[in-house]
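Heads up, there are several structures right after this.
First chain A sits with chain B, and in the next complex the same chain sits with chain C.
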Partner chain A sequence: MKSHTRPDERLRAYFLLVLPAVTIYFAVIAFPTIFSITLSLTDYSGGIVFGDRADWSFVGFKHYFRMFRDQYFWIAFKNNIWIMLMSLFIQIPLGFTLAYTIFRKLIVGREFFQTIIYMPTIISCIVVAVLWQTFFSPYGPITDFMRLFNPLWENNLANDPNLAILPVLFVMVWYYTGMYLIIFLANLQKIDSQILEAAQIDGANERQMLFNIILPALSGVVVVTAILAISGSLKSFDLIFAMTSGNPARRTSVLALYMYDNAFKGSPDYPLANAISTFMVAVSFALILVTKKLENRFGGKE
Partner chain B sequence: MGFKYGRLGAKPTAGALIGRTILVLILLTFTVMTIYPILWLIQSSLKTTQEFQMNRIGLPIEPTLSNYPLAWKIGGFTSLFLNSILYTSISTIAIVFLSLSASFAFAKIRMRATKFLYQSFVVGILLTLQSIMVPLFLLTNMVGLYDTRIGILIPYIGLGLPMGVYLGTEFIRSIPDSLIESARLEGAGYIRIFISIIFPISVPVAVTLAIMTVTSIWNEFMLINILASKNSIKSLPVGILKFSGALSSDYGKQFAALVIGMLPMLIFYLIFRKHIQRGLAAGAVKG
Partner chain C sequence: MKRFVLVLMVLAMVAPLFAVGEKEVSGKVTLRVLHYADATTPGYSVEKKIWDDFRAANPDIELVYEELFNEPFHQKVEAYAAAGKLPDVMYMWPSGRSSTLYNKKLIKDLSPLLASTKGKYLPTTVVPQMGSIIGELPLTITNSHMVYLNTKLLAQLGLSEPKTYADLVAMVPVAKAAGIEVVLMAAKDDWVMQSCLFSMISGRVAGDKFIDDVLAGKAKFTDKPFVDALTVVANMVKDGVMPKNVLQISYGEGPALFAAGKCLMYIDGDWRAGAFITDPTTGKALISPTDQKNVKLTVFPAIPGEKISGSSSTIVGTGFGMNANIKSGSKEEAAAWKLISYMTSPAVAKQRLETGAFGRASWIGVTSDKLEPIQQANAAFSAAAGSYVLDGVLDAKVYTPINIGLQEIVLGIKTPAQVAADTQKAFEDWKANK
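And then the complex of A and B:
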């Protein structure tokens, strides 16, 4: 460094600037993360954690085995996978399609469409959940709509264990697709318009431009949206909590809800709850790594 | 630019025309699907519960605002609003200020600790609230902050820092070193440089960050749901849930409550739409 820098002042300033953020971050995120992994390996049941009178001991992976033997774990995990597949294969392609239609100026009033489709994303999850819960309930308008087409339609969406996840998936498409639209649109607009003009002058048709110019330019963004979809679908909680609470018969439960039930409903089972959350983080990181590997393998360029 | 590359060649083939029509139809359908439930909610809030039961999809025959004062009173919205405003404003100010000050140190003061500290913040972007929910609940209880406003504010600030530090550091790195060097030559300390040079230049990223934070804290539900049990410290999202349980068959009041809960963010969105969308695109760079 330059001669005019006084090391004392530099060091003091550095710590003054960094300390508040670092302290809060370590207290709120870093330490609890480690604490959570530790708890999942103990038999802690709510007593004293630190000091001589600490009331717990290590029990190894016992709670992970318990978790894997629990049928409710598998129901919840399966729903997370459904949500993930829906995000990857419906939300992302739909978000791209909408962004592409707007970007290619196939329609007027592009600002309007962009504004409307992104709108749900900023409304509170809870408002959205209660709204749709009423909408899909036997007393809600969905019954009137379906009877326009089929007068004998019976609304079992809320009680049939096999159907109950469908409204949840539908609402997720409604709620989050706008986010992917905006991400794709922002990145489509970064593509150099001269390249597209040149291709067009050279006689490239729409399909060639899409597959040879636009999609390759977006491969990095596709990876980012895939990561968002994967981590987002493992996180899902609020919407389902308020819309179905995981019912009927826990058939719409997800891992985060399964964890919540074990930690905060009835007698708390903290070690199991932390085993679940550790599992969620591990799966999320593993899938993100796989996505990155696939990206390298298939030559996505960033 | 002038050249409209969107208008494709003069004579599109039949296939291209069909393709374009399908794309436009998808866009139109999805847009109607998006806006309809929101409009339906607003029109339904203008019906009495009796009228709603007779007429669930039509326009209100005798529109009335009578649901609103009742919903406001039952829901205790005055206190919910005050709490939401308090949590959102304090967390936002703290997140913006703390993130930028740490970002400045990470970006412009060379220290060996930076690599480790900055990386830990970036990893934090990928961690989820779920993974720390139980420990946060236990720790909050241990230190006696359960059911207090401060016990909600501290985690809120902590959760916003990773994204703030990431965006701030990326931005401040792009500020030329010469600006800082010349201020140093004139004898300015780093703290003064931060306040009088870096912070003013960082206003664009501060605005983006503030708007992202406002939307996420205003809508936050999961954490406050486990950290607050007293009605007097609850925020809007937790308060509105009341209308899904015991009051769910009183549709008129339920819809009015949902509109009350939705309106502030909707107005905020219509004002700051550009910023919100820019923030999303910026945040998504790192996933």
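And then the complex of A and C:
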């Protein structure tokens, strides 16, 4: 159909329609990101940012070097890596396995299990943190339970600096696996049942159907869940903040908490906090790019 | 019809503007207030009443009230300070935890306003704070170290009150056999061990003069006195006096564990006495008034090598301060001062004394016949001497490595010498960037 509008009118209409979205994007995402990166390169310590009375100057990558020299940064980063690996290799496979079990009707009471596994995700994060904190307390139920078998049992779970993160990882699996279950289940239900029935008639067994039909069809979903897992792992904060505050001795801290401690605890160190957040964004981008490349290389077509 | 709806909508949008105008015309002063309060303490309902009474007595002052507790409070203050949106009146510390407010000169010096109250406050409470100003009007004077001793449990186990550290060590096998600990503290938050235990140890072993010398560049944290002080904490864990799992006990959990008889001694600040008394709303107490007589408030026993004995770590108490942006002589300043002085007034101080919020009011002569035994003990408590609370004299950049380092010592992943070296490095970095 021939357009009756002139090119300049179309251009004006285009800008008019795009402007609100661009304005919102710039205000909410682009500006804070650029501002954060800028602050990380300055010695800003609060107060006026713009105008003649602004009191800051550029100091280069000083705060990035400080960050890399700080042992607590590496402890926090290592914990983020643990959380990411746990998300990628425990939460996603577990979520998929549970979804597959329900979808293929390999158990009875499917709706019951689906509800039970998904339920933690709708509980407030703070409630979950306090609940499990009480559970893991040296004077909590887990200690009482273990002492039924061994009266001398000592709850030193969080006292080993190398293992202190384990209870946090366990709670994360408990809390977030239901989300992956729902994502996979929703996408499994989109697979044409006739394809599966045809494969069964042709003599395909469960393993062949899983690896040759279902997984290739879900490769895009796997990538999406992986991206969710990576970005979610890097911004982990609320659950850990409420459960351990990063202690004992910052051994359960993560980058977001490390950033928060520097920004808001004691003497605020905004440039360092912004350097940490910039690092988090960069790592997140890099990992998501790697995931996309892997999907392009090895993923199947939906 | 469309026009009618349009007019209605415009009126609905414009009406609030007229409402604001009317409020300003009436001369009502609006104050933004940030208070520090724990809604789970027994005295919370009284705390609310204190504020309601002020509102009722001062209809010309409107309070936009916000309250928080523990770390979220401090984080919000930092955020407000950074954004330039500090409240008009805020709960404050005389130094450390409120250092941003002092360093950036965001609060008003109350000294000129205090001139009219001469002789009404304890002289030890109205002294210059950080930055040589009176930034907040203290409600009390605080002992950040206090030992809550369960004398009944002690007697049941055939033990007597420990006088020395060696006595404490001797109690360990008896306590372990009974399935309890000698010392517990709620040290999951890292400030607790520094503020409620180590500041007292540092005061006794290293001394305040040593800290002054470090700040003046005449001594170092790596010197023997400070390392020796850190070693006392390491020894407490090594000797079994204090278990490692104090680092897993949240601040809210501590009093309940002591009340449940899980330890002989519980270490906290004097403000924690309020956690044990009867909640006026429920009529229940963590420790009943009868059983409170079995709790002795004291200080840590004598430590080997200490220079002063029987001391606690003390600091001028918290109170309310005023935003520096409030103009002198303005009606906002008058309203803010009215609120600040009301909070330390005898009537309010008496109520706070009764809730156990503190043991001794800054206003001279405030007392009450309604105090429960543990409160009476708190009011009568007096340490032989007082020393610095470290987060009150050191910058956060310097005391944070001490806070974390104490936890690392308890976990056994750093030695006292390593923590001292970390602290010295943090101090030098802070000094260089100051």
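By definition in this document, the second predicted complex is superposed on the first by the 262 of 302 C-alpha atoms of A that agree within 3 Å, B and C clash if a C-alpha of one lies under 4 Å from a C-alpha of the other, contacts with A are read in each partner's own complex, and residues count from 1 in each chain.
Following the convention adopted for this analysis, a residue touches a chain if its C-beta (ideal position, glycine included) is under 8 Å from a C-beta of that chain, and two chains touch if they have at least 3 such contacts.
Everything numeric here is computed off the predicted structure, so don't read it as measured data.
A.B. asks: Once chain A of both complexes is superposed, is A:215 in touch with chain B (first), chain C (second), both, or neither?
C.D. replies: neither
A.B. asks: What is the contact status of A:294 with respect to chain B (first) and chain C (second): first, second, both, or neither?
C.D. replies: neither
A.B. asks: Have a look at where A:224 lands relative to chain B and chain C in the superposition and call it first, second, both or neither.
C.D. replies: first
A.B. asks: Taking the superposition on A as described, I'd like to know which of chain B and chain C A:286 touches: first, second, both or neither.
C.D. replies: neither
A.B. asks: Looking at chain A, which partner touches more of its residues: chain C or chain B?
C.D. replies: B
A.B. asks: Figure out whether A:59 sits in contact with chain B (first) or chain C (second), or with both, or with neither.
C.D. replies: Neither partner.
A.B. asks: Now for A:85: first (chain B), second (chain C), both, or neither, which partner does it touch?
C.D. replies: Touch partners of A:85: none, neither chain B nor chain C.
A.B. asks: Considering only the touch criterion stated at the top, classify A:156 as touching first (chain B), second (chain C), both, or neither.
C.D. replies: second
A.B. asks: Would you check which partner chain A:266 touches, where first means chain B only, second means chain C only, and both and neither mean what they say?
C.D. replies: A:266: touches chain C, not chain B.
A.B. asks: Scan A:250 for contacts with chain B and chain C and give back first, second, both or neither.
C.D. replies: second
A.B. asks: Taking the two structures together, which residues of chain A meet both chain B and chain C?
C.D. replies: In the superposed arrangement, which is not itself an observed complex, chain A uses residues 133, 139, 260, 263-264, 270 for both chain B and chain C.
A.B. asks: Report the residues of chain A in contact with chain B in the complex, numbered from low to high.
C.D. replies: Interface residues on the chain A side: 1-2, 4-5, 9-11, 13-14, 16-18, 20-22, 24-33, 35-36, 39, 49, 94, 97-98, 100-107, 113-120, 122-127, 129-135, 139-141, 144-145, 174, 177-179, 182-183, 186-187, 193, 196-197, 200, 205-206, 224-225, 227-228, 231, 234-235, 237-238, 241-242, 255-256, 259-260, 263-264, 270, 273-274, 277-278, 280-281, 284-285, 288.
A.B. asks: Applying the document's contact rule, which stretches of chain B touch chain A when the two form their complex?
C.D. replies: Touching chain A: residues 1, 3-9, 13, 16, 19-20, 23-24, 26-27, 30-31, 33-35, 37-38, 40-41, 53, 56-57, 98-99, 101-102, 104-106, 109-111, 113, 117, 120-121, 124, 126-139, 142, 154-155, 157-159, 161-162, 165, 181, 184-185, 189-191, 194, 215, 218-219, 221-222, 226, 236-238, 240-241, 243-244, 248-249, 251, 254-255, 258, 261-262, 265-266, 268-270, 273, 276-278, 280-281, 284-285, 287 of chain B.
A.B. asks: So in the complex, which bits of chain C are touching chain A?
C.D. replies: So the residues of chain C in touch with chain A come to 71, 74-75, 78-79, 81-82, 84, 99-100, 103-104, 188-190, 243-245, 247-250, 253, 257, 262, 395-397, 399-400, 404-405, 407-408, 410-411, 413.
A.B. asks: What residues on chain A touch chain C, complex-wise?
C.D. replies: The touching residues are 46-48, 72, 133, 136-139, 154-156, 158-159, 161, 244-245, 247-251, 260, 263-270.
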